[in-house]
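Quick heads-up: structures coming right below.
First subunit A sits with subunit B, and in the next complex the same chain sits with subunit C.
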Partner chain A sequence: MNKKISPMQILKRYGIILLLILLVVICSILSSNFLTPTNIFNILKQISVVLIIAYGECLLIIAGQTDLSPGSVLCVSGVLSAMAFVGTGSLVLAIVVAILVGALAGVCNGFFVTRYALPPFIVTLGMQITARGIALFVSHGAPVVIGQESFKILGQGSLFGVPNVVILAAVLFVVAWFVLNRTSYGRYIYAVGGNEEAAKASGVGINKVKVIAFTICGALSGVAGFALMSRMNVGQPNAGVNYEFDAIIGVILGGASFSGGIGTMFGAVVGCMIIGVLNNVLNLLNVSPYIQQIVKGLLILIAVVADAKSKGQGGKSILMSKFQKKKQEQA
Partner chain B sequence: MALKTAILRMQGISKSFPGVKALKNVTFEVEKGTVHALIGENGAGKSTLMKILNGVYQADEGDIYLDGARVTIPNTRAAMNLGLSMIYQELNEVPEMTIAENIFLGREPKTKLGTVDFKKLYDDARQLFASFQFPYDVYDKMKALSVANMQMIEIIKAMSRNAKLIVMDEPTSSITDKEVGILFDFIRRLKQDGVTIIYISHRLEELAQIADRVTVLRDGETIDTRPMAELSKDEIVRMMVGREMTEYFPKVEVPIGEEVLRVRGLRCEGVFHDVSFSVHAGEILGIAGLIGAGRTETLGAVFGLHPYDAGEIVLDGKRIRIRGTRDAVDHGIVMVPENRKAQGAVLIRSVGENITLPHLRRYRHYCLRTKAERGDVQRQIERFRIKVPDMDCRVDSLSGGNQQKVILGKWLLVTPRVLILDEPTRGIDVGAKHEIYKYMCELAAEGIATIMISSELPEVLGMSDRILVMANGRITGELSRAEADSEKILRYAMEGT
Partner chain C sequence: MKKRLLAMTLCAFMLGTGLLTGCSGSDDGAAKADGGQPAAQDRGGTAEKLKIGVSLANMSDDFTILLNKGVERAAAEFADEVEFIVLDGKADPTMQLNHIDTYLSQGVDAIVIQPTEADACTSGIELANGAGIPVVCCNTKTTGGDFVYVGSEDIDAGRMQGEWIAENAPENATYVYAMLVMGQTGQIARREGLLEVLAEKRPDIKCMAEQTSGGMRDQGMKLCEDWLQAYPDFTMYVSQNDSAALGALEVLGTAGKDKLVCGVDGNAEAVQKVANGEMAMTVFQNAEGQAYESCKTALQILKGEFSGDEVIIPFELITKDNAKDYL
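Right, the complex of A and B next:
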C-alpha cells in the first residue's frame, strides 16, 4: 500500500480539477460565448462572494460543524455597512462595520453551539432567520440607497483588468489555505472534526477551536456582504438568500466530508467554480431558471452520495471513486 | 455429572475471536428453577458464553441442549422463541413511552383495522402487573421508574414472552442496596414459579444471598460448578484467580526517586470519593479493580478529562489546578486513554499529525510541516518502532498495537512528568504487548512517574512497583510489589460490594 497507490493519490487530489476541466471543455463546445475573457471574469466575479463564504464553511465543515446563516449574515452586515457609509461617508468604517457585524453573528453561533452543546444545524438556522429579520427591520424592508460612487470600488472596480472582488477572493484564499495547512489552528480544526474526543484527550481546547471557526465564518460573511452590496451599490435586505447552500455544496463537491476531519481549501474553490461554471453555461444556453434549480439540486445529491460512499475510504472525491471502480473492474 | 432436571446444557463450547480464544471447551449446566451464578474475572468468557446462548454469537464448536433437546440458536429472535431472555447491564427502554407500551414494544396487539389495540395492550399489562405484584400504574411513563424497577420491567417483559430462562448481566451494578432487596424478592418469586435465572455478578455477598449454584469461568474454561452453600468467599476468589503466571514481563526495577504527583481527597459525587495517592519518579503504580470501580474517571480527573468536586492535585510539591486537558498537558501530565478508537487518536488523520497534535506550540505557529516537525515525528516512529509506510498514512490503516505506539509516541515526544496508561495493552497482540511493557520500563528508568490502570491481574502484578486497588470509587487497598498477589487484589477489589 505504499508506492502502488500514488497514481491513485494524484487522481484523488486532482480528480475534482479534471471534472472542472471537463466541464469547461464541454461548455466551450456548447456555447461559443463561454470561453471569452469577459465571460470568464464574469464567472469569477459571480462566484467571488460565494467563495469568500465557502472558506469559512470549509473550516467549519472540516471541524465537523456547519453554518446555515452566512446568506443572512452577509445581508445584515452589508445593509448595516451601507447605512454606516450613508451616515458617515467613511468607506473604512463601512468595511469595519461589515466585518464586525459578521464576526459578532459568528461568535453567537459558536457560543450557543459550544456552551449549550446544541447541534450547529439548529443554532445557525436560528441565526439565519434572526439575521434576515434584523436586516429587514433596520432597513424597513427597503434598499439602502447609496449616492456616492466610492462604495462601488470593491464590487465594480478593477486592477489591471482584474476585478477587485476577484483579487480579494484570491488573497483570502491564500490566507485561508495558510491557516488550514500551516498553522496549529488548522491542525486543531482537522483534529476536532476527525475525532472530537481524541482531540480533547490530546489537550486541544475544542470549544475554543469551534468558536473561532464560527467567528471566522461570520467575519467572512461580513466581508462577502460588503462585496455584494458594493457590487450592487445598494444595501439590499433581500440579498444573499441561499448563498450558504452554494458555498456548502462547493465545499462538499470539493471532497470535504460532512462528518468532519476531511477536506481542503483548494477543493472548496474548485467545487465552487464547478457550480459557477454550471450556473453560467445554463444561463448562456438560455436554460430556464427552473431547470437550473433542478440541476443544482441533483448536484447536491450527487455530492452527498459521493461523501457517503467515500466514508472510510479516505474521503475520495466523486471522480476518484469512479476511476477506482473502473480500475477494479479491469483488474 | 449430568443433572436430571437440567433445563440447559451447553457442552464443549469453544469460540475464538481474531487473536483470542475466548472459550475453550466450556460445559455449563443449569438446573430448572434455580438461580445459577456465573462468575469469573474480567475477560474470563462469561459474556461470550451468554451471548452464544442468546444467539448474538455462534459457537465454533459445541452443542446447546434445552430441556434435553438439542437446539441451534442462530439469532436473538430464535433465542426469544425458545424462551431464553437476556437482560443487559444497559437497559434499552424508551423513557417517554408508558410502561405498558415499553413492555409490548414491537409486538403491540392489533385491532382488525391494523391499528394498535391500546385497550388490550393496557389490559394485558395490568394483568402482568397484578400477577407480579408490581406496584406501578401501567400508564406511568417509563422514565418515572428507578433503574431497579426498569430492570423488573425487563423481567416482566421477558415473562410476557413466556421466558423459561432469564440471563441477568450484573443487574445490581447501578442500583442501591434497598433496590437490590426489592429485586431479589422479585427473583425469588420467579423461582417459585419455576423460572430459571442465570445471574452474572462480581458481588460475592449478593451471590450468597440469591444463588443456588455457582459456576466459575477462568480464561475461557470452566473451573467448577458447585452449590453456593458449600463455598466460602475465599474459595470462590481462589477459583477465579488460580492461574499460573505464564506470561513473561520484562520488568526492570529502577531506583524510585522523589514524589512527583500527589492527589489528596479527590472526589466526584457518585463516581469516586476521597481518593488520595502519590506516585514517585521512576515508579510504576498499578491501579487494579473491577470494571466500573471508578479508576478511569479518577485518573481522568487528574488529566482534566473528568470533572471533580473537591480535592487537590500536587505536582512537585506545588498545588496545581487542572481545568482541562490543556492544563494537564502543560504540566506534563499525560494520559493514554482506555478506548483507542474513541479517545486515543484521530484515526482518519495521519500518523504525523497525531503525534505532534499536543505539541504544536513547539513549532513556529504560523509555519508547520517544517523539517523540525517532521524530524520529531520520524524520531518517534523509529524510537517506538511503529510500522508505517510513511508518516502521512492514516492511523486507522495500522494494527491496534501500532496505533497504541502512535499514541505513546505522541505523549513521549516531550518527556512528561506523569504518564497515565489506561488499559495500555487491551486488544493488542502479544508481541506488541511485550514491546509496550519494555517501553514502560525504559520510561520508568528515565524517571517518568507512571500510573497504569489495568484489569488484567498478571499485568498489574508483573509490571507494578506498587498496587492500589479501587472498588466503588474508593481506594480499598494498597500493596507493595513484594506482598501483592491475585487473591489479595481480588479481595480488595470486591470489598464493600
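Right, the complex of A and C next:
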C-alpha cells in the first residue's frame, strides 16, 4: 500500500506537536517548577504505563478496532504477577506471568471479535468487567503486599538518572514503531482499517491481523500491569481504572481515527504527553479538583473533534461512517 | 460447535459477574448471597427464626469486604436466632432500592443497609418505614427516613489527624492534602474535622495544596511527585485514606525525602509502616466492628432490647506507640 500523505495530514501531524510545544511554553511561564529535569522525568514516569497501553490501542484503532479492557487486564496481570513474585521470589516468572495473562486476555478478545463478528466495543467491555472480577477474586479484594525490594526495580529504579519505566516505554515505542512502519504486518494493519473489503480481496488474512493486534494489545497491557504494580510496589486489585481511556484519548489526539486506517505511533506518544503535561501542570498550579475534571472533559471533546476533522467530514461523520461501513458490509 | 461456544461464553460472563458480586458473600452457610428464597418458607412453621436482610454497598471495595466479615461473624454468632441474607449493591443506589423491595416481599423482620449514597437511598428506607420494618444504617447515614445509625463519625477521623498534627508538627509546618473522591461524605467530613482542629489549635500550620487522589494509590503517587516539585519543602503529606498515603511513601522513599505521612483506615500495610516508623500515623476505622454491631443492633431492636438512635463505633488513633497492637 502506498503511503501518500496529504498536506492536510502533514499539517495535522505537525499540528499536534505544535500544540504540545505551545502547552509546554505556557506551562513553563505559569509555573517555575515545570521545566526542570526532575519534573520532566516525573511526567514521563507518570505517563509511561498509559503509553505502553497506547501502543496497543494505536495498532487496534488503526485497524478499525478498539479495546476497552486494558485497564482491567493490566490489573489482573499485575496482581497475578505480584502473587507469582510473592510465591516464588522470581522476577522473571513474575514478568512472564504478566505478559502471558495479558496476551491470553487479548487472544480471547480477538477470538470473539473475529469468530462471531461481534463489535469490539461490547466484547472488550465484557473482558473489562470479567478481568476486574478475576483480579478482585484472586486477591480477595485486598492488595498483594510485596516483601522484597527487587520487585520495584522496574517501577522505581533508574539508569543514569533516567527512570527504568521510561526506558521501557521508549524501547517498546521503537519496537511498536518498527512493527507498524517497517513490517508487512504493519501495512496489513493500515489496510484492514482503511478498507476491510479491499484488504480481503487482495488476500490479507483479516481475522488473523485482528487477532494478532488484540493479542499484542493484551500482552502490552500485561507489561503495563507489571510496570504499574512495580511502581506502586504492591499488587493492587483496584488499580488501573480508566487507563484505557487515557490511552485512547491520547491516540485520537495524536491523529488516529476511530474509523480506522489513519494514525501514527508518534502521534499517539505526543497525544499521551499532552494529557500527561496537562495533568501535571494542573497539580503544580493547584487548580481545584473540580476544574481539573472540566479540563479533562474538554480534552475528550477536542479529541473527538480532531477525530472528525481527520476524516474531513464534519462532526457527525464518525457514527455515520460506521453505519455506512456496516451497510456496505451487509450489501 | 457454535452453540457450545455460545454457551461457554455465557457461562464465562456469568462466572465473571458472579465473581464480581458474590466474591465473599456466600462462603458462610448462614449469610446467603441469593435473594431468590421463597417468602412463604418462614410462614410454613419450620422455625421461629428471624430474618434480617443486609444490603452492602459494593463488595468489590476493600472496606465493604471488611464489613462483610463483620456480618459473617454476627451470622455465625446468632445462627440459632437469625438468618442473615446478604446482597451486594455494586455501588449502585438503584440496586439497593431493589434489594429493599426484595426483602420486603420476602417478609424480612429487619433490614441492615450500608447506603451507597446518602440521598439516593433515602426512598428505600422510607419504603421500609412504611412497611413497619426497622432499618439499621451501617457506616453511612442517609439524609432522610427513620433508622438507627451504627458506624463512625467521619469528622472524628479528620479531628484525630488534626489533633495528632497539632501536637507533633513543628512550628510553621506546611502540609499537602490528598482527599478521597470529591463530594463523598468521607471527603467532606474528614476535611472539615481536620481544618476545624488545625484552625483552633495551630493557626500557624499552612495547607499548600489540596487535590483528590480518589483514594487510589497510583494517584496518591502522582500527587506526591507533583507536589515535591511545586512545594519541595512541605512538612507533611496528609491523606484521607491509607492507599494514597502508602503511594506517597513509595515516592518519598525513592526520592530520599523525609516527610510526615498521615493516613486513615488502618489497613495492614499502613499499620506495619507506622510500626516501622516510616509512616507517622493512621486512624483505624473498625469496619468489621461496625457491621457486627449493626447486625447485633438490628437483632436487639427486634427483641425490644434497644433504645436510642445511634451506636457510634469510635475511630482509634494508631501511632508508633500502639501500632503493634493492631498488627
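Please note the rule applied: the second predicted complex is superposed on the first by the 299 of 331 C-alpha atoms of A that agree within 3 Å, B and C clash if a C-alpha of one lies under 4 Å from a C-alpha of the other, contacts with A are read in each partner's own complex, and residues count from 1 in each chain.
Simple rule for what comes next: a contact is a pair of C-beta atoms (placed from the backbone, for glycine too) under 8 Å apart; a residue touches a chain by one contact, two chains touch by 3 or more.
The model shown is predicted, which means the values in this text are computed figures rather than measured ones.
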**Asked** With both structures placed on chain A, which of the two partners, subunit B or subunit C, ends up touching more residues of subunit A?
**Response** C
**Request:** Have a look at where A:I262 lands relative to subunit B and subunit C in the superposition and call it first, second, both or neither.
**Result:** first
**Which superposed partner A:N238 touches (first subunit B, second subunit C, both, neither)** = second
**Asked** Is A:T183 in contact with subunit B, with subunit C, with both, or with neither (first, second, both, neither)?
**Response** first
**Prompt:** If you stack the two complexes on chain A, which partner ends up touching A:A198: first (subunit B), second (subunit C), both, or neither?
**Reply:** first
**Request:** Considering only the touch criterion stated at the top, classify A:N286 as touching first (subunit B), second (subunit C), both, or neither.
**Result:** second
**Prompt:** Taking the superposition as given, does A:F137 touch the first partner, subunit B, the second, subunit C, both, or neither?
**Reply:** second
**Prompt:** Shared contact residues on subunit A for subunit B and subunit C?
**Reply:** none
**Request:** Can you check the complex and tell me which residues of subunit B touch subunit A?
**Result:** 303, 305, 324-326, 328-330, 335, 337, 342-349, 353-354, 356-358, 360-361, 363, 365-369, 389-390, 393-394, 397, 410
**Message:** Can you tell me which positions in subunit A touch subunit B when the two form their complex?
**Reply:** 1-2, 178, 181-184, 186-188, 190-191, 194-195, 197-205, 261-262, 314-315
**Complete:** As the complex stands, subunit A meets subunit C at residues 31, 33-34, 36, 38-39, 42, 45-46, 112, 115, 126, 129-130, 132-134, 136-137, 140-143, 145, 152, 156, 228, 231-234, 236, 238-241, 279-280, 283-286, 289-290, 292
**Item:** subunit C - residues contacting subunit A, complex
**Value:** 5, 9, 12-13, 15-20, 23-24, 59-62, 65, 179, 182, 208-212, 216-218, 221-223, 225-230, 243, 246-247, 250, 253-254, 267-269
